Amino acid sequence: MTSRVRTVVDRVVVGVGLLLLWQVAHMAAGTYWLSSPWQTLQRLGELAASGELARHAAYTLRAAGYGFVLGGVPGLLLPFLLRRLPIVSATIMPFMVAGYGLPKLALAPLFILWFGIGIESKVAVVAAATFFLVFFNVEAGVRALDLKLVRMAQILGASEMQVARHVILPGAVPFVFAGIRTATPYAIGAAVIAELISSNRGLGYLVQLGASNFDARTMIAAVVATTAIVVGANSVVNALERWLLRWRPRSGFAAGAASGEF
Amino acid sequence: MTARRTVLAGRVLLLLGVLAAWQWGHWALGDLFIPSLLAVLQRLYEVTAGGEIFGHLAITGEAAGLGFVIGTVCGVLLSVMLRLSSRLALAIEPYVMTSMGIPLFALVPLLILWFGINMAPKVVIGAAMVFYIIFIAVFAGLRAVDGRLITMARVMGAAPLQIVRKVYWPGIQPYLFAGLKLALPRALGATIVGEFLVGDRGLGFYIENARQQADTVGVFTGIVIVTVVVLGTDMLLERLQARSLAWRPIDRDMVA
Amino acid sequence: MEEPLLRVQDVGKFFPPRERNAQPFWIIRGLTFTVAEGEFVTMIGPSGAGKSTLLNLIAQVDTPSEGEIAFRGRTISSPRSTVLRPGFDRQIGYVTQEDNLLPWRTTLDNVLFPLELRGGADAQGRARAGELMAAVGLAGFERHYPHELSGGMRKRCALIRTLLYDPPIILMDEPFGALDAQTRAQLQEDLLRLWSMRRKTIIFVTHDIAEAIVLGDRTLILSRPPTRIAGAHSIALPRPRDVHAAARQEGFAALHDAIREQVR
């Protein structure tokens, strides 16, 4: 109990220290270069009050959400399909690996060229980035499938469909979540990048808007808001995962973090 | 054996299919959307023969390399520090986790404000990208080192430095290498995306500049080069890793 | 002559050689035995004697390279079998070395799983599951997940999962192998009690001679590979048997020695 209290105290001390550091840097550099924590908060308040923050955030989240579904759903289903088609699977795997290795964000200019500076190009970037992340995580799950459990279910009289429903699907859930957990911050990040390159709305645009006005307050406020959204989305996914996977022994912080992608 | 041949034939067919789809797309959609294969090949020849692309490559490589080194050093240092003090690890955990949520590229405009339009913003982005990957990999590696092995080494009279060299180092090697392998292509990718946003040279600049001039051939050529460079680096590292860690079975999914 | 419930006739199984031109490795060859309805047969053999391989062949998880396996006079498995039917349409139950419980199902849901696969568990099935769980001391753990149970409890759960759907014959592959002596004796007692309620046909593989004697009506001794039957003993100890006192009973020591001589 005392060690827990100590941890809380430590964390507060570190947090206050970081804020102080920010404040000192601000005082040394000036508002033009770095707005103070208070100024940033004020600017966030202004943006929130005027409804601008919500408008831009909604745009970014919409792009991330559409792209997530567009890329994530095929990435989720394909491994299950390929499980039954080993030859097809072996044939396309090198292409998938290449697609995974490729920096999808580098395709952003191409998508902007194709789809214009509207939401479509952002959705395309997010979908391209999400697809491979989800695909490879789920694929690992389908591969790691415990064959003994499949066999046992068959011995107990399970049909092909029942094996899929009762053994393969629940067994893959942790991996599906690993994919979703990895892809969530990535999807939001990808939408923001596409907006940074070319857009007239969204959180990425808000950062660029601040930059073009040499307004550090707006830039930092937009970055803080985006970070908060990513952290919020992460905790929603984590809570959902904890609930769906309550049958699993609890794993530590490092175990979860080790499968992350940033 | 026949299955193997089928797979190989399938791969060749698929590759041809992709190229055919590209060419068909060109005919169907026109030059502005998809340039012809031939035009891209020609441009590839021009930029390599003329040497233009190597200047861009060198700039990108330099920024990525610098970011890679800085990020790796910082990542290793932090993970070792946290391993030495679990109190420190607990204290900063929520902040490290939160900082992972920062959209790195959104910092680019701010970095431009601070450092100007030069290499620094890209190096910072690349370093930050690498930092998290290495930090997580090495931290996991340090945790995975079996405490009983350390006790055993102590019982046998090993000095602290010997424990580091003989127990920790071999233990974290697979994690570190897996992290490095993941990080180098990422650093390249991050640098290129950074160049979309800032700079007047480099592969990313080449692509984004072509886009702004509606030079579709240029965009495609740039992306083909990025693909070759990144996947080439990836494959090279895979070879290296396979050789240096031949003594132990490596779990490919350990970090990725 | 009456046809036995299970007949294993000249069964052999080899694994293809690693290198070309090398000899195939016959893990089992020329193995023959029968099991009568209601009989509790124990099998004992040195480690590596292909015990699990044999059970896999009977359960139709694998096909034999030669010979045939007949169930109620009908050939169910031979080298010509093209389609494997694991468990032979729920006629053959199999309790494996590992418990193989589905980790995402609670204890009760794991036990009910085989019923659920056939249209769901009715009130009668649920009542029987409750009875079985109580009989092996799992009452109160219905809502626990497998990872929250001890190794012995998981084994009990796997055991009654198979008993619940009542296959005519049950194969058991060292089900109590990895447990401590205390838990093991407890489970042997549980198994004997459950068996005495409905005399199921059981083939029980073990590497523990005492276990083979305490549980079985008859024990078969397997040789080293290529494995065949190296000996057979009827066990005349009266039932019901007391797991803890069996070793002091008349005839136990002599039988134990005789079997140990043959298990090489």
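Letters are used for the chains, namely A, B and C, taken in the order the chains are written, and counting of residues starts over at 1 for each.
Just so we're on the same page, contacts are C-beta pairs under 8 Å (C-beta built on N, C-alpha and C of every residue); 3 or more make two chains touch, one makes a residue touch a chain.
In this text, all values refer to a predicted model and were calculated from it rather than measured experimentally.
Where touching is counted per the definition, subunit A and subunit C have no chain in common. Centrality by C-alpha centroid: the chain sitting nearest the overall protein C-alpha mean is A. One simple way to say how far apart two chains are is to compare their mean CA positions; for subunit A and subunit C this gives 49 Å.
One simple way to say how far apart two chains are is to compare their mean CA positions; for subunit A and subunit B this gives 18 Å. As a whole-number value, the distance joining the C-alpha centres of subunit B and subunit C reads 53 Å. Residues of subunit A touching subunit C in their complex: 148-149, 151-159, 162, 166-167, 170-171, 173, 245-249. Contacts from subunit C toward subunit A in the complex involve residues 59, 61, 86-87, 89-90, 92-94, 96, 98, 100, 102-106, 113-114, 117-118, 145-147, 161-162, 165. In the complex of the two chains, the subunit B residues touching subunit A come out as 3, 6-7, 10-11, 14-15, 18, 33, 87, 90-95, 97-98, 100-110, 112-114, 129, 132-133, 136-137, 139-140, 143, 185-186, 188-190, 192-193, 196-197, 204, 207-208, 210-211, 214, 216, 219-220, 223, 226-227, 230-231, 234, 253-256. Residues 6-7, 10-11, 13-15, 18, 33, 87-88, 90-92, 94-95, 98, 101-103, 105-110, 112-114, 136, 140, 185, 188-189, 192-193, 196-197, 203-204, 207-208, 210-211, 214, 216, 219-220, 222-223, 226-228, 230-231, 234, 253-254, 257-262 of subunit A are the ones touching subunit B in the complex.
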